[in-house]
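In this document, chain identifiers A, B, C and D correspond to the written order of the chains, with residue numbering beginning at 1 in each.
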């Protein structure tokens, strides 16, 4: 087994707002090892982004960490000194955001936005940072002379490339990509995915890919973790999970997806609606929507069980359903 | 890009000035009574009135009258003041430096005070500092210039005898009028700085900057600050309108012999030629300030020139 | 699911001929959002309109709904000219309706669900306020599976899927025969999306509805459509029966688009054609094939000659001069290099 | 937004509650002023001139003509509030209507209305008001007209900006495709969605108009003597600042409290209805 890079233990996060209290994360356990690429998949509100932001100790206003531990290379993130924290952010772990239109500051040049990371973490001066930023732009397929252009002069796809360039600037050990292609068109998404595949090879960075798109996971990742209502409910290699999904939710998700090949059977929609973080059900959070629900499911939170060597599922029945 | 924007903005300013001149022109003509008589002292004889009518071309169509008027304005001929019996242009030119000194000094000082207060209040949203800053701003917004001016004199001149109440002179004379004039502006800027900062700090790109490991202090002072400056600059442009109006009251009360005091005197003396020209000059000054404000904003925010 | 239709023998419900919509952008020129688009939709059929953002697919829907004025072109509903000066506008409203992309902005936040659903009935004076209206709404709710308790709620109290059901109910309230579905599931999560797709397909069967299903999602379009039209920069580049287009795509853009979609498969091998650059804007387009600048099999000729939409096999229209070679050449087409990416800027 | 939440925020907002309660108080006082005033506000009594507060039943003293300041203050409040009410109502109706039309129809109508409002916005409000009042002469009618002319642009701009956002919302499109008329859409679909920002602006403009009216009256261009107004009372008192400061302090405090109340109210409303607040 490779060294553990990021380890999240029993993470619980609550958002308290005027309107309501929402339990975004309810005991997340997740480990990413060196060189691994892990896909974190789930529908909106499942807690994917919150998990990522919590790992960087960047929870938005109103977010409280109720419980749990986060370790980066064995160090407790919550107890890091200010310097260690700054060194982790952007240098050891970097993050690419979902919406390239809002995640770049419109009043600074792209050169500045890539350069700021280099100046902060690599101690480069302005000129060196510019040169390096230019090289990074070219790596992601943008002509270097556009260094002094502003984000608004780029299309969405190119802005996301800028985001990626800033993300890989310090050759981080872990790259967190939060739905990096969701806001983009299919052909542009393909460009970004190909770019990320190439960078994965060149930089040997570990990857945490957050997405709701199962196709992207199956292209980019080796491992996958499925999230529902603030918990990881299934975890394993992509091959295992996608070919033999065990959790009723994962099964539902795969069945609900219209396909590009094969027959066009009626989609199997998951009954009910996505669990509301403000009023989470007791016991297994999926039980109101599960067709295999038993009395036990309604009362108790199931534990993660191993079903195969690299396949875990959080279900009392271990994903064994007859008929 | 920026150059083209300057040109476009200059063009717009010229159009605005054109409309203002029409308004100033129309003002004399919509007023009840004979426009020519209005431009002259009350003592004017029938012959003088008749001569003035000819000079203004009142027997000709309106557009010819306007062309005559605007031609005069462009040549620097604003007419003759009825009460001062000299050219309006020279009277205004005499008074102008005093107003420039007062307004420039006031704007500068109130910005230097209010921008930091607003920004800090925005960063510390919900704290005591924020509450006090908001209170400062709301009271400032609600201070009638008239009342504030008289109160300033009452407290600092009459009661405490610290500062001179009336007239012009050294910096001592500047303090009371400047505070009176500057407080409402500072109040608005404080509010805008606060809400601007709050909005900016909610943006994704700020989270992204923090995720890059940039220290919070630098994120606030360098990155978020520039974004927050945009609404601040805009509000300064808008507030200068109220500000110039306030100058009339403040200059009158503090006997500051600037353009504002002149305007009040002109109204009192029924010196319509002077009123008309003052309207034109003050509005032109306002247009100029707005031009400068927009050019500054375009320098801060590249989106303005790119679109 | 989608049985093949014998289109030839039937009359189209809606026919669009040479539709053009240009927007004049000050200081920049003409934006050719829709540039000569023609198609027919038959009773009970779904025509999928697929393409990337800016290709004009939503504009087509908006022009059909008369939310935009057409620049040129004709449109016939049941053989009658819709744009004719004596056309019955109310009759058109009752026959043709639309479901919108965003279930949040499509429902007025200040109105209750009941207000929202009764508005079309009251505007069209189909029923008056009172018990008659209540009965009407009751039936409507039943049709789409909406709990009647929700009638007195406000939109913000409903989740995205439920709101979209309200949007569908509103479109159905006038009992139309043709519905433009403008990306109705794009803003929804997968599990909810499936529910809405199933609902749309069930309603179609029950009421013999025709859909123009606009979407950027190939797999959704494939699932729901009988026929598919692929749009690029304001034009239809390929149109055919769903199975035909998925098995035998001929336009190089369609081929690239299909290969671009990440597939859920255990097999990691992807033979993908990556298009360089971004979708250009349809501002003052140059003559020649619009796809040529990004095309992986473009020849110099392509930028001079404008290809026509031609029938390559029965019911399969393609607008490419090299359509017959495209599949063969796709097998050897390489992924674009970084250098080419930069050139294309 | 949820009604419950709005109510909760209203009660919790210090600014809103203070503003609301004080504003209601001021309005009630001014309505009841004929009953509360213990002297004729315009009657001269030179024997009683410049009496300090509390003497001979003059709660707030008398002015240079021996008129009772408390009574004048109350009557002045009627003028200030009534003028502000009329001006704000007229300007809000005219401005909002023009803004709605301008934003909804766009094109030439929009250009025309926007050009006109730009001219008015390009001249400082008080300066324009002074110029017009000087030309037309002083009367309450002229005063109201001038204040409307110089303030309708606020509502016009606000309504137009909001309409531009609203009219591209799909619920407006939905009304259009079901054959609803433009008036129906403007009034029943769009207007209800702009009432909140309108309410905030109205409440802030209320304070603003009271201040502008005071400034004009102070300069002798607003309410004319002997009719009392807070502005001309301050103007009167200015010369007696050293001997009879109450002449200025009483109307000044009244003015400040009233304006402050409406600004608090407006600001509180903004806070209460802030959609971005979590």
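FYI, a residue touches a chain if its C-beta (ideal position, glycine included) is under 8 Å from a C-beta of that chain, and two chains touch if they have at least 3 such contacts.
Here the structure is a predicted model, which means the values were calculated and not measured.
Annotation: B-D is the more contact-rich of the chain pairs B-D and C-D, by number of C-beta pairs in contact. Each chain gets a centre from the mean of its Cα atoms; for chain B and chain D, those two points are 21 Å apart.
With centres set at the average Cα position, the gap from chain B to chain C is 53 Å.
Residue positions of chain D with contacts to 2 or more other chains are 2. For chain B, the set of residues that touch two or more other chains is empty.
Residue numbers of chain C whose C-beta contacts span two or more other chains: none are found. Under the touch rule stated earlier, the contacting chain pairs are A-B, A-C, A-D, B-D, C-D. Chain A contributes residues 43-44, 138-139, 141-143, 146, 155, 157-158, 185-191, 193-194, 212-216, 218-219, 238-239, 242-243, 252-261, 264-270, 273-274 to its touches with chain C in the complex.
Chain A meets chain D in the complex at residues 17-19, 61-62. Contact residues on chain B toward chain A in their complex (touch as defined above): 203-215, 223, 226-227, 230, 300-303, 306-307. Across the complex, chain C meets chain D through its residues 62, 65-67, 89-90, 93, 96-98, 100-102, 105-111, 116, 119-120, 123-124, 156, 167, 170, 174.
For chain C in complex with chain A, the residues that touch the partner chain are 1-2, 52-53, 159, 161-162, 189-195, 197-198, 201, 216-220, 222-224, 246, 256-266, 268, 270, 272, 274-276, 278-279, 335, 338, 341-342, 345.
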